[in-house]
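You will see chain A twice below: alongside chain B first, and alongside chain C after that.
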Partner chain A sequence: MAIRLARWPSRTTPTLGRHLALAVGAAILLLLLSSQIGAYDDYNLAEVAIFVIAVAGLNVLTGVNGQLSLGHGALMAIGAYTTSLILRGHDVPLILVLVASVASASLIGAVFGIAAARLRGPYLAGATLALAVGLPQIATRYSHVFGGEEGLTVTPPGPPDWLGADFPPERWMAWIAIAAALVTIVLLANLLQSSVGRSFKAVRDHEAAAALAGIDVARTQVHAFVVSSACAGLAGSLFAYWSGLTAPAGFGVALSLQLLSAIVIGGLGSLSGAVWGSIILVIIPALTGGLASSLSLASSVANNLPLAIYGSVLVLAMLLVPNGIDGGLRRLLVLARTRWTGAPSTHKGVVDWDDPSGG
Partner chain B sequence: MNSQTNRITASMSRIAIVCAVGLLAACGETAGSSSSNTASAPGITASEIKIGSTQPLTGPAAPGYSEIAPAANAYFQYVNAHGGIFGRKITYEYLDDGYNPTNTASVTRKLVLQDKVFAVFNALGTPTHLAVVDYLNSEKVPDLFVASGCNCWNDTSKYPYTFGWQPDYTIEGKILGQYIQQNFSGKKVGYFYQNDEFGLDGVKGLDQQMAASNVSSRQNYVPTNTNVAPQIAALQASGAQVVVSYTIPAFTALALLTAAKLNYHPTWVVSNVGSDVPTLTGLLTTFSKGAVGAQLLTGMVTDIYEPPVSDASNAWIKLFKQIHDQYSSSLPWDGNVLYGMTAAYTFVQTIKAAGRNPTRSGLVKTLETTRLSGGPGLAPYGYSPNNHLGFLGVQVATIGADGSVTTAGPVYTSSDNGSISQYAGSPSTPPSSGIPS
Partner chain C sequence: MQRFIVLTLNGLTEGSIYAAMALALVMIWRATQVVNFAQGAMAMFTTYLALFSLERGAPYWMAFLVALLCGLLLGGVIERVLVRPVESAPPLNIVILTLGVLLVLEAVAPMIFGGQIRSFPAAFSIVGIKLGSLQVPFSAFDLFTLASVVFLMVLLLLLFQKTDLGLRMRASAFNAEVSRLLGIRVGRMLTLGWALASLVGALSGLLIAPTLLLYPTYMDQVLVFGFTGAILGGLDSPPGAVVGGLAMGFSLSYVGGYFGSDLETVGALVILVAVLMVRPRGLFTLRAQRVV
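Here is the complex of A and B:
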């Protein structure tokens, strides 16, 4: 701790400025990338960006604050249904729709967070699972409002005229999603560096110790739940725009589990891990989707092959990089640094995300 | 990754060689003709017609329905092996959407944007396809023969590129309703239907024909809840002697088993969607752990728009069974396979009629203006400039003790709001090549 304090002044750039500079750099790179690739790749890029928002939010809750949620797909559904209901018969500017979706998901998240703060371990998992199972049923039960199994359609945002008539709408959607993802990441990164972020971690590591240090444990947990729900709401809203449809089948338990697997594969508790996890989530189904009809295998085998490959990748990732892709990369970095400088590593196997070099 | 890319490249070059050989053969064949094959539209090259589809290969709708696309592909392989379409081979790329509309939206964009298919063919499901019908029409991609009987596909002004195929559920309901009025007059009738577009459209048709006073009870279910005992008990309590069932196969089987358990034995009238005998026999045996099977189906009334799959003497059935045995023998021989092959036959009829070098809009125009005829369907196609429905009617049939399907009465045709009329045409026989000319 003393060493950390002594080192603090050497980081002369303020956190916000550093994060903003990184985000602008990433934005320029992604803008160039999205202009070079085809419309379908832009479409996938948008999906990655949307998942980054949801996965990063879940990672703050589960990885940073230590609350397990199996129900984040349902919180995305709240954002998506808010968007679809607002847009039904009205033409509302995108930014207002996004804000409304974030607000509604945060509200539900706060209510649920208050309940969740009283629950631990398997009870919390069970309660959030109930949310994931139960919420989509409401859409089927009140089908006159929510459109039932067929869901509600959403018109994707069209590119503005100044981009030209030939500008692919998928690229415009990708830009919107990337912008939203970068804003979310910058805000979360700053939050995690602040005293709020430190309380999140303190509560995760030892509740009693955190309480003795003057942190209101329950309130901190509710805060984390709200931040996480807001991200899920934003992702859900963009998801509705992106897919053009909000239907209960799109927000089943499978989605919640996918989000959870993304934070584990990417790296628990790290924002860059959320990016890695989201890329895996999108890219594997996109690559394996055509196998069923292109391989001359018995259809019972070929039909299930993409799912089998997806499952195998998850299992392999767990075996090869148990700390997630981000943890694996950071460990490689540490190893490389040790080899080149010859300095003995003080790394003890647990990665501290604030200072991953182990210093 | 790299080795995979290499393998794909290798297999692609193999395909290219095969295609080139095929093309040479085709050139030899048509040396006298004035025109030659050109890349006339996206997905069409001199040697290939690429079409795509979204299908429930996994997930809740996969049992049974996952056979449809491989069966259609078997017919396309048969056509390819016998010269193709103007020398072009059909490549059929069907992607899994798990019956999840969000996935449908995503994989349909893969088909259109990345794989650049000429048309989407036989995409399956009402909620799934509703997710993409706007998109396909805004991209002007022909959306042919949607595998769903929703009348939503018959909207020529909003969806000019979309065409239905199977009889719509309302027409089917009307013809079943008429049969019940004529053959079970004075009996109490109960409804059991899926609470979505499929069941509600069917009920709409039934209600046009049935006297409201005869309907003793209306019960519905949602596919996510497999306990149908309360509904069946309510039908029993209402004294319904005939139960009309607008159910998918799994729920037909559940309803039959539940009724048998309650010692309730009405006459069942089941929509074509949920009455395929091989599929039901399998489900009944599985659900009852072998206790009962096909015997529960005896006496069931249903309707058909293709020759009965069990009629081994029918020339169409002979043809498709032979193709099934040669190209897709790992699939069971049942109504789903017949459905896929019949739809594929309609596609080949259409693409041939569109001429040597078809375009997307040209294909739509061909379907609207050419009277397609001579397919395996029992009822005529309804395609015209202001009608994008497929088969216009059905024939009522009963299921015998041995599981055989026997037709009862003539083929009837109708429209959603028009009257019912008897179809005067006679059944066709397949061309000797098995490929529409």
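Here is the complex of A and C:
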């Protein structure tokens, strides 16, 4: 504890207050930003915010608790299908739909988490991969309920009247997604600072030691799975609203692998890493899609260029910044501090408890 | 009863392909503790190279050999150039790296060879063998598939169990540090392990291509079932990989045949999860090791 106080004097202020202040600041900045940009950029901003929720949740499970999930896309699908089924023929307020989606995803997550607590490493990866492959097929099989391959349509939420008649619906969607993302991040940040968060990390770092310290390892792993599934459910529900369509093709293995690549590229185990990773997930396809169409290439090359670039980014990122963007930025910060003060960084010799790769 | 025989033979043929893929994954896992998600895409790429040679007038067996040798080369190069530098990184980083390789290969293949679905020739007839007046749903090509997978497995078994090189490879996989002290060039052994594994993968790609047809993502499902087969058997056990792969083939075939083909995958995966609940480290891992 002494080490922490020495390193972060600001930790003496209450954690919740600090996180809330940061969130309010971010909210104001993002609202201003979303009002300045066009509808298409608002649409992309909403997508980033939705991914932030899912990626942050996955980062708690995989980065903080050490459970590898290749099936998070399927948990998003549960949220999305809950939303679509509730809204089929009914007009239910947004907040109730979100709560119901979170609840259903948490429930499935708890069941799967209990099974997952027995499995480790690649075996857990295989079981969760089974979830990602199998679940969309159930939607196809029981097409009278889930709409089959064509999926179910969802009416996006319209902006309220007091914002004016010409308020773009994309901006309203972005606001909803940003609000949900900020609430999620604040809740997760507090959770990770609490004893629950510490036991998540303890289980990841050393199961036997955690058990000796009185932590119920299996129960902690199930808790992490539920928290993570709740986030995935929320993200899935917003995804259904955002895309206007819930279809099995949107929730395949590719989505799960995208989420996984986002946590590693952003920075394993850190919430700011989740934000970086989500930005990368949205920005790279947007940029490369534009690049491919602006160059006059053969269609077979142009159509596959974004995928090739995304794959190369994954490979290069692992070779060049193995700790993700968040880890890279932290390193830069330490270097800059050393440079400016002319003294070796105070970080030296101090174990960084929050850094999953160090210690 | 006749239906059961048809499904069994079908499961056996498909299962032998998954067994080859599972074996490739297990060999890489034992060598470098990496699940190589690019294995399927690598096999896809080498199968395209075989098709490319065929179109340039090469005889079938020449193209077959080209694909296998390119598989050997591709595996070795990927290990040496991409995997070696991140050897000590967290395991998840290497997973993401292999995913990146998968995406690059699946994007580059249509750029070079075109993205449309292509047919790939089989070495032998794919029509069922006639026994007297009865037509058995088992073709000469199915027999060849089964025989070549078994042949390759026996070769690998001999290599690992009976040769000095195999002993050195097993030692490197078992304990790199001690092996280095004993004078084994561990790095070379790991490269060779990847190369051999990717040759096995390339074989599975060649054998399944006539059935699935050739397109850039055609090996994805083979990878998924090979991987689930490998963890079903236990990632540390080559015999486990073979049994696991065959088990995947049988369960896919039976579930598809008796409960409808759209439940095929779900059923097989439910079986996988059920087995893992009883044996969390696969069927063939002898004892769960806990590192304290």
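Methods note: the second predicted complex is superposed on the first by the 328 of 359 C-alpha atoms of A that agree within 3 Å, B and C clash if a C-alpha of one lies under 4 Å from a C-alpha of the other, contacts with A are read in each partner's own complex, and residues count from 1 in each chain.
Basically, a contact is a pair of C-beta atoms (placed from the backbone, for glycine too) under 8 Å apart; a residue touches a chain by one contact, two chains touch by 3 or more.
Remember, predicted model here, so these are calculated numbers, not experimental data.
Looking at the shared chain after the overlay, A:Thr140 reaches both chain B and chain C.
Contact with neither chain B nor chain C is seen for A:Gln193 once the two complexes are overlaid on the shared chain.
Contact with chain B, but none with chain C, is seen for A:Ser294 once the two complexes are overlaid on the shared chain.
In the superposed model, A:Leu314 lies in contact with chain C only, and not with chain B.
Of the two partner chains placed around the shared chain by superposition, chain B and chain C are both touched by A:Asn304. When the two complexes are superposed, the chain touching more residues of chain A, out of chain B and chain C, is C. Once the two complexes are overlaid on the shared chain, A:Ser261 sits against chain C while remaining clear of chain B.
In the superposition on chain A, A:Thr338 makes contact with neither chain B nor chain C. Overlap of the chain B and chain C contact sets on chain A: residues 137, 140, 300, 303-304, 307.
On the side of chain A, the complex with chain B involves touching residues 38-41, 43, 47, 137, 140, 148-151, 153, 170, 239, 243-245, 247, 249-250, 252, 286, 289-290, 292-294, 298-300, 303-304, 306-307. Those residues of chain B that touch chain A in the shared complex are 57-58, 62, 66-67, 69-70, 73, 92-96, 99-103, 105-107, 109-110, 113-115, 126-127, 130-132, 134-135, 196-197, 222, 224, 328, 330-331. For chain C in complex with chain A, the residues that touch the partner chain are 29, 35, 82, 85-86, 89-97, 99-108, 110-111, 114-115, 220, 224, 227-228, 230-231, 235, 260, 262-263, 265-266, 269-270, 272-273, 276-277, 280-282, 290-292. Only residues 62, 68, 115, 118-123, 125-127, 129-131, 133-134, 137-138, 140-141, 207-208, 253, 257, 260-261, 264-265, 268, 300-301, 303-305, 307-308, 310-315, 317-319, 322, 356-357 of chain A touch chain C when the two sit together in their complex.
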